[in-house]
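By written order: A, B, C and D. Residues from 1 in each chain.
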Amino acid sequence: MNKKMKLRVGILGATGMVGQNFIRLLNDHPWFEVCYLAASQHSAGKEYEKAVAGRWLVEGEIPEQVKNITVNSVLEVENASNACDFVFSAFNMEKEEIRKLEELYAEKMPVVSNNSAHRFSADVPMIIPEVNPQHLDIIPAQRQNRGWEKGFIVVKPNCSIQSFIPPVYALISAGFPVESLLVTTLQAVSGAGYPGMAAIGMIDNVIPHINGEEEKSEREPLKILGTIQNDKFVDLDSLVLSVSCNRVPVRHGHLASVSLKFRDDQPALEEILNIWSSFEGEPQVLNLPSAPHPPILVRNEVDRPQPAKDREAGNGMAISVGRLRDCPLLDIRFSALSHNTVRGAAGGAILSAELLKAKGYLQPIIQN
Amino acid sequence: MNKKMKLRVGILGATGMVGQNFIRLLNDHPWFEVCYLAASQHSAGKEYEKAVAGRWLVEGEIPEQVKNITVNSVLEVENASNACDFVFSAFNMEKEEIRKLEELYAEKMPVVSNNSAHRFSADVPMIIPEVNPQHLDIIPAQRQNRGWEKGFIVVKPNCSIQSFIPPVYALISAGFPVESLLVTTLQAVSGAGYPGMAAIGMIDNVIPHINGEEEKSEREPLKILGTIQNDKFVDLDSLVLSVSCNRVPVRHGHLASVSLKFRDDQPALEEILNIWSSFEGEPQVLNLPSAPHPPILVRNEVDRPQPAKDREAGNGMAISVGRLRDCPLLDIRFSALSHNTVRGAAGGAILSAELLKAKGYLQPIIQN
Amino acid sequence: MNKKMKLRVGILGATGMVGQNFIRLLNDHPWFEVCYLAASQHSAGKEYEKAVAGRWLVEGEIPEQVKNITVNSVLEVENASNACDFVFSAFNMEKEEIRKLEELYAEKMPVVSNNSAHRFSADVPMIIPEVNPQHLDIIPAQRQNRGWEKGFIVVKPNCSIQSFIPPVYALISAGFPVESLLVTTLQAVSGAGYPGMAAIGMIDNVIPHINGEEEKSEREPLKILGTIQNDKFVDLDSLVLSVSCNRVPVRHGHLASVSLKFRDDQPALEEILNIWSSFEGEPQVLNLPSAPHPPILVRNEVDRPQPAKDREAGNGMAISVGRLRDCPLLDIRFSALSHNTVRGAAGGAILSAELLKAKGYLQPIIQN
Amino acid sequence: MNKKMKLRVGILGATGMVGQNFIRLLNDHPWFEVCYLAASQHSAGKEYEKAVAGRWLVEGEIPEQVKNITVNSVLEVENASNACDFVFSAFNMEKEEIRKLEELYAEKMPVVSNNSAHRFSADVPMIIPEVNPQHLDIIPAQRQNRGWEKGFIVVKPNCSIQSFIPPVYALISAGFPVESLLVTTLQAVSGAGYPGMAAIGMIDNVIPHINGEEEKSEREPLKILGTIQNDKFVDLDSLVLSVSCNRVPVRHGHLASVSLKFRDDQPALEEILNIWSSFEGEPQVLNLPSAPHPPILVRNEVDRPQPAKDREAGNGMAISVGRLRDCPLLDIRFSALSHNTVRGAAGGAILSAELLKAKGYLQPIIQN
């Protein structure tokens, strides 16, 4: 695809940590080109480089072609609709305001959102591309419900669940339904955005609480693993999750310690390793640009996965699993890791957009 | 008790991290006075201050009265028997060697051990003083079995379980038997001794594995909560534990994320908090010098206990619990924390020795 | 001194990190009793325990006798004047506002300030009690200038200089004038207050810049080491300082790497160690309650002082020095460490207040 | 250059941290191919993957083509001479043993060493490729002295100086001779190898001492900036360095806080920035495969360079400088950073080998 044919993408909330990651990860993207940036009133009217001066937090430098883009106010929906084929949404407001503003954008263009506002809207798909790509099938119904002709809303789930839901789903899809999950997370500080956690509170410390995270982590998987019935999502009701969340002094990489009970027979550990190693989702089959190969990386070392060593696997898009062993209480237990600001945030949303593009949901909508 | 009447105590393995903590915590102890130090051949013959030059790792300075004690070889049991009323054991060797050497010491004098070698000897009590003080009743049988007139062996359990077993026991002893525990630990680096974990492996990282720790953590509680039958310990067989262990970049303080299922009815959360807050063990009733008051400290803040803020509670001897809430899968869940090198190691052994003294098991055995 | 006779002290900015340290360090103080708390409008009217809920950051619990004190607005000077014999000032505002508000307080009562607003007021003494206690002699002139009968203002210097100025002063006072200092600091995150540095920016990182810190560090020593002439402070003009400041991922404890050139002959290294070891300031001579003995602690180990091991020396009030050796460029070099939130902030101010009390500048001014 | 034409390289000390970095950085190298690995007796005879099981410490996986190479004993010089066109040396022994063993290798093949044993041999060049490439001119004399026909020895300097010597040299080579340098380093833990620093000693701490590091840092630059006279290196005698070294809790990246005095006039700060920005060394002119462009990266942000943000610049081969400002005592001061295990170790040695190749000193010496 040559540059003229790339889809033009806008980033709402471009100055925050997730917005910066969108910009970083979309640099030289083969299908998408960042053409539009929006943020709060405070940044509006500034060149991007100046808007993030002193708070460019992600690796590497600001891409040259983005530096001089003038930042718009996220409230100026009309501006975006003149410049973008679709938008990634990562702006910060009250939840209800986000919900409404994303809907205003969706009237004009597709919205792929990192925000939680629409995660439980009954007609909005919450996507992990390897797990529930078929949930995109609701888009026509969503458009009809909402009266939207050009746009729609697709969201990605919380970062905390993205280390363990893909390997759990791999087992389910291999024919081994799961009855319950008891998970303890050890989450990196970047999950709290910027400035996020205070250094004085994290050096030589662990904080056994993340606001709202356990509720999200226990509820979102049920929708993701659920089905569409009568144009609405219906949760999987046969799975029970208990997720306890801890913040640890790690920059990036959410680790989960997982115990799992199967509904029926337990596959042998060796079989589980095979299921994981050979698992492929639609992103791999379609060979999407950001799809990791393999999506689930099995570590055989006794002390892996580790955030420092494994978070960058598959350019931050692969899930690393290890320490598979029997659980004295449930059936099995294992550790799983994913990069929270790549797979768990901007990267996951980009992979969702690639899936949308491959399925024909994203197209040029503006005139050159 | 004036100084002349203090019991004379020796420390086996005095130069290691646990040995140093014994020395630190016994400084100005009202009942015990450090009179004898032993370590490996390498340190034997040196003054203590020189033996630990460059590797005194614990807070504060080396106590004045210990600095100039000449270190013995831990192999010279006879020397110790001329100088000590009892010994704390924390030396490092092959497990089988430790077992045998501790038995040689026990012929001559009581041994309170931090080592794991005798934890599963059928006639050796493994003590958390607040939990199973009655296990000391096996000592006469142990002496008879072994033919020991002067000594005996008492051990303390692994540090990893000491954050959650006391609060679990408090529930059991209040009439709420526990059926299962699913625990994920976040353990401090000092638990690995010195030098222990490499800094390059712990900065910005978590290691989801601690060698042998899960096995110990799942097995030891069953003995501690078990009973004496026919002069032998019999494990509690009605409790199932699943413990997954992680190493986190924290200096001191093991945190546990615990889910628990009761055998029968679940008490209300409020009642559980009351049980914990009002819990007292024999060390509290006897008002032993190192006994924390209260032994279990309930934190009401939403984000506590934290290692940096709570490990020093009760001079490092109290267990802090918090975040009590319902568990969607088992019955309840909570976080618990204890100081691994104090309550979980030297401090726990000292409290055991105080309990032994209060019960008449420790007495002056050497002539002045 | 019995409790009835203790001076009643108020804390302005009681909810911030320095304010909390004042409260912690004044608990059971033999001379001062915290009777009054003030903070921003946001906290005014709340009980202290509620005002700091979720952000009590210092060690231990909130002292019982302070928990229920109702917080005043820092703007209500009159309230303070009815309740306090003097105040510690640590509130946050624009510098000019602080300057004015502290002056309003000083009309009514003595103010011992942790703020920088008045550090260069020509008639306000900036005190390190061991270094320039004689600077308090300006107080009568200050009162006369300002028309204050009841109060006055005394300030303490920035935390960054308190590790190296006392040992430098000890050399000067022993008859070895100093010509130049080239200092690189490695400063703890607590120096930035709360929330201060973002964890994401400090884990696995160093930041080679602290806003305004180098300017303060190069200028303040010249006043502290200066003299009073015609009722005004005159800087020492014979000393040149170059101070470069870095933030390191350490909770507490500012470390300085110092190179020093003497004006005249260089004393032998052994003599310098003797000067430091035997140094006493007026707080030691007067045996003030918070005075560390010795004020300068010489570490002979090759790798000390270290923040984790030495910051608590003298209850956080002692300066630790070590690594004294020749400098190939200047004359000597050494490392120095002090606890930035104790000696460098609240503790230093309390010691200054003790000095004021001992010299008769603080007295009961309110009626019981 | 196609693969058949690549030079065959062996790595002595292949299992250590530096050896691993050689393997990582030489993966897919356009000129060199790793064909031979040697390590201690303990590893000899094992496949590389097994030899490093549990201690592969560097990023990414072990390259496929290296995994199955059987590790030789480093003592088997003959084996290497049958397999390699040259070797990188990074094995660990007593210094004198290293010296001798490297000489045995040098009889047979060129040796590019990361070790310090030969840094001060009068006929061995110590190379920073951008700074003193002309020092390679001594190789013919070295060979004649030693009677070596096939090989020679070239070494790289200590990692601690590689952040600040290139920018200092850039100034010298632009016509501004330097009279003195006063440097304080903040060095990463990976500089100590593996296991290196204990985590318990580095979390929440700084250690103001690195064994032997200050001596190396003050002496090595004088040789590097020196000249060849009568086939021997003669130190630059007009420069005085004072370097104080600290270990900080950072994984990778040595930061230096530098004050500098020029011998003659001081260029304007703006001119210095221009000199640095436009600096090119021979590796840039020759466009060597590992040469960073630019070699010196000027950061204009007020708080850069930082290890976490800047160590990877130029694939870990660029030096980042920032915070240039006047020094109140010397002339200027600035902060400089380089990646200690890339530029400062394996990467620097590889760049030296590339320079040797480009200059004709490395050629195929073994028969296919």
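The definition used in the following text is that a residue touches a chain if its C-beta (ideal position, glycine included) is under 8 Å from a C-beta of that chain, and two chains touch if they have at least 3 such contacts.
Quick caveat, the model's predicted, so the values are computed rather than measured.
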**Message:** So using the touch definition from the top, which pair is joined by more C-beta contacts, A-C or A-D?
**Reply:** A-C
**Message:** How many angstrom lie between the centres of subunit C and subunit D, each centre taken as the mean Cα position?
**Reply:** 44
**Request:** Return the distance between the CA-based centres of subunit A and subunit D, expressed in whole Å.
**Result:** 41
**Asked** subunit A to subunit C: how many Å between their CA centres?
**Response** 48
**Request:** Please list all residues of subunit A that touch 2 or more other chains.
**Result:** 201, 203-204, 249-251, 302-303, 308-309
**Message:** Is the chain-to-chain touch network here best called a line, a ring, a star, complete, or other?
**Reply:** complete
**Item:** Parts of subunit D lying in touch with subunit C, wherever the complex brings them together
**Value:** 180-182, 184, 186, 201, 203-209, 218, 240-242, 244, 246, 248-251, 255, 257, 259, 302-309, 322-323, 327-330, 333, 335
**Message:** Show me the residue ranges of subunit A that touch subunit D in the complex, using the header's touch definition.
**Reply:** 53-54, 59, 203-204, 251, 301-303, 308-309, 312
**Asked** Which subunit D residues qualify as touching subunit B in the complex?
**Response** 57, 189-190, 192, 194-204, 249-251
